[in-house]
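Two complexes are shown next, each including chain A; its partner changes from chain B in the first to chain C in the second.
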Partner chain A sequence: MDINYQFLIKTFYLVLAAVPTTLNITAVSLLIAMPLAFYLAVIRLRPGKYIQIIISGYITFVRGTPIVLQILIIYSILPSFLNSVAKGFALEVNVFDWNPIIYAYIVFSLNTTALLCEVFRSALASINKGQLEAALCAGMTTVQAYRHIIVPQALVVAMPNICNITVKLIKGTSLAFLMTVKDMTAVAKIAASYGYNYIEAYMDVFAGYVIVCSVVQVAFAFAERHVGKFRFIK
Partner chain B sequence: MLKITNVHKKYNDNEVLKGVDINVAKGDVVVILGPSGSGKTTLLRCINFLDHADQGEMEFDEYHLQMHSATADEVRKIRQKTAFVFQNYNLFQNKTVLENVTAGLIIGRNIEKNEAVDLALKALAKVGLSDRVNFYPSQLSGGQQQRVGIARAIAVQPDVILFDEPTSALDPELISEVLGIIKQLAEEGTTMIIVTHEMKFAADVATHVIFMADGNIVEEGRPKDIFQSPKEERTRNFLRRVLPQVEYNI
Partner chain C sequence: MRPFNPQFILDVIPNLLPFLWVTLSVVLGTVFFGSLLGFVLARAKLSQKPLYCWLADGYIYIIRCTPSIVLLFIVFYGLPKFCLEVFDMDINGYEKIFFVLVTFTLLFAAPISEVMRSAYEAIDHGQYEAAVSIGLTPWQAFYHIILPQATVVALPNFGNSVIELMKEGSLAYTIGLVDLIGKGQLIISQNYGAYALETYLPLAFIYLLLTLGVEKSFLRLEHAFSRQKKAA
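Showing the complex of A and B:
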């Protein structure tokens, strides 16, 4: 097996140059998903039958289908749907001109919201009810109690799972090439297709993801120690 | 100062409180006694709306409200006038001892930080924990945690402090350090309502004793009367079982 080292190195730089795109999709999806997921998690912990069925239906749907399928469905259906909606309101927008990264944001946000919702729900449920009661007795409002007492504690519980989901999301964005987004994977595949140097290209992408995911995991380990300092002191 | 009348509370079909009245004047130390399941804790929790009574009226200084229809605003105002000491302490796990005490002042009552820290340090000195201000709850013993719980309650200078079996989760050695502090508060004239199973302590600190059974107040009065000459059979039975008796014949 001959390895084209020159191509390997050249493509590696291309892959590195596409890291911001991957991180961009990841970060935007997380930023959209986190508040949404938190809100859904709080709703899930309260009584209210119909809204529960809707939310758990959504979560079941997302968890029960491969992300490839979610991407294909949204990427093929949503643009036409949005287009007809725009037409219906007589709006002068051409959704087919949109940057495909917008569809990546939508798919990955919807997907991550469902997964994070369950993480937040279990983390919030793990905090003793007495913490909320004590906060209310101290004269706080429920919102203040969540902000100062419940969420900081739940976050520590949720951290390892948030890290998991983030790393999974980073790897998941490799499927964004299906939506013609030029992320790390897409860039390497395109470079390889000219001279059939797929082995080198895949090795580059492989290394790229290992580096990015490792950095993210180290960052989370630090963050976990920081938000959980009350737990680690002994 | 605080008067609640005709409090009813049901959990599903189980009627826990069947029309209870309590009247607390400033400086009173009201001790509520009774067997498990008699509704003592529920009554205490209804007073600051941790549990919502199905019926009942409350007069608390200038506030006069129906307990089942109290608005969120009214509930918060009542809670600002009271403090609660829990059986299992419920200290904020993510806050240091000092932050546990200042939280109710800074977050709950919008008091400026410097002033809050001063008040908190005074309260912590009172419970003898000045050397633990920067510790986290997980680093303290049960007795110390409950003393922080008491400091958290007195720092906000409430009109009345509610104690829900403050020593039930402690081992015998640690009980006395907590009871000592409560006794000191009683001597200083702090208004308190205490649910407890510590009979000797109850007899010592109470100005008024309430005996509850099956969701009703069976008997109430001065501690001397209740402990030495209870009128009701139910009270006598209870006291006979819980008070140590000298029954040896030599």
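Showing the complex of A and C:
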């Protein structure tokens, strides 16, 4: 098989240069999704009929449809919708000049929120109710009780799943090229299209993702060890 | 902004539905071939030889880190070249569904092998020993004693993997396979890019029904199997 090694190495550096974009989308989406998902998870554990139906409908939709479809739907309505909103308020902004990475943030945060909500909910449900009651009895406020008692213990349970979701999210960002974001996949695709060197380009992307995911998994292994000291021992 | 046209959704569904079987045959084919490859991988991971174990571990790890779209493109562009060079076989003219099946078989095998391995390990080893000691051959012991019990353990995770696969399978349109989403894209380009939302929404709805259906049927299966277990 004739592989253009010069191109392979040159593109690998190009792909590596696009790693920050991938990490950027991942980090921002996680930062938006985590508090939202936590809040939704707390709501889901409380009684309340209508809000439960809305949240579970949202989660079912996100988990039941492919992420490609979610990207296509949001990318087909959001820009023109935002544009008409901007026009309606007579704002002097051109939505179509915005960096498309904004839509990537929106899609991936919405997606991750639903997945994380389920993780947080099961983690919170695994903590004995007595823990919260004891903390409240000891005079803590609800926020304090969650911050110091519930969350550290729930994190121990949730950490492996958070790692899985993060790896999935990183893999999912490879679809951001559908929204014309210049991430690893898009950069390689553009580089390959000049000389039809698709195999070399995609092998570079492949290597790039394996490296990024490995680093993230090692980081999570450390984080897991760190939160492990909060493990509840009977 | 152009007003939303609900009538178009009803018009587009009959055009999309004939392509449901393409999506479903990708899923069914992948589940079949992927389970075979997953079985081999699980067997390798459980084997005594460290080399096999190490190879299976490496494969599963790498697949876990690979986005499906990247593997899809590697297979689509790389496999014809590879086959031409190594086996002197021209597969450039093969149907696109062939490349899709190869890719998703490779992808599906990794999680499914983990499902199978954990299910196998969940069954007490004494079951196998007892079966062999009353005179069953190792294969009979596996087939009649271990497999039925491991199936019950594996079913929920297997169902989740199938749902995951079905959602990933929607990427097949990126190499030009005309499945549900591929047909949707064709309809949109026939309308010069208009009615995008009105085409994507029924697609999302169809996928939602499919995933819910798979989830329900696996729950049914689980019930049926565990009832059998209780009766025994």
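The rule is short, and it goes like this: the second predicted complex is superposed on the first by the 229 of 234 C-alpha atoms of A that agree within 3 Å, B and C clash if a C-alpha of one lies under 4 Å from a C-alpha of the other, contacts with A are read in each partner's own complex, and residues count from 1 in each chain.
Everything that follows uses one rule, which is that contacts are C-beta pairs under 8 Å (C-beta built on N, C-alpha and C of every residue); 3 or more make two chains touch, one makes a residue touch a chain.
Keep in mind the model is a prediction, meaning the values are calculated, not measured.
When both complexes are overlaid on chain A, the residue A:Pro152 reaches chain B alone and has no touch with chain C.
In the superposition on chain A, contact is made by A:Phe230 with chain B only, not with chain C.
Touch criterion met: A:Asn83 reaches chain C, while chain B stays clear of it. Number of chain A residues touched is higher for C, counting chain B against chain C. By the touch criterion defined above, A:Leu175 reaches chain C but does not reach chain B. In the overlay built on the shared chain, the residue A:Gln144 is in contact with chain B alone; chain C does not reach it.
When the two structures are aligned on the shared chain, A:Asn94 is found in touch with neither chain B nor chain C. Shared-chain residue A:Ala134: touches chain B; no touch with chain C.
Residue overlap on chain A between the chain B contacts of one complex and the chain C contacts of the other is empty.
Those residues of chain C whose C-beta lies close enough to touch chain A in the complex are 1, 62, 64-71, 73-74, 77-78, 81-82, 85-86, 166-171, 173, 181, 196-197, 200-201, 203-204, 207-208, 211-212. By the touch rule above, chain B contacts chain A in their complex via residues 48, 50, 76, 79-80, 82-84, 86, 88, 90-96, 103-104, 107-109, 136, 138-139, 152, 156.
Those residues of chain A lying in contact with chain C across their complex are 1-2, 60-61, 63-70, 72-73, 76-77, 80-81, 83-84, 167, 171-172, 174-175, 185, 198-199, 202-203, 205-206, 209-210, 212-214.
Within the complex formed with chain B, the chain A residues making contact are 128, 130-131, 133-141, 144, 148-149, 152-153, 156, 230-231, 233-234.
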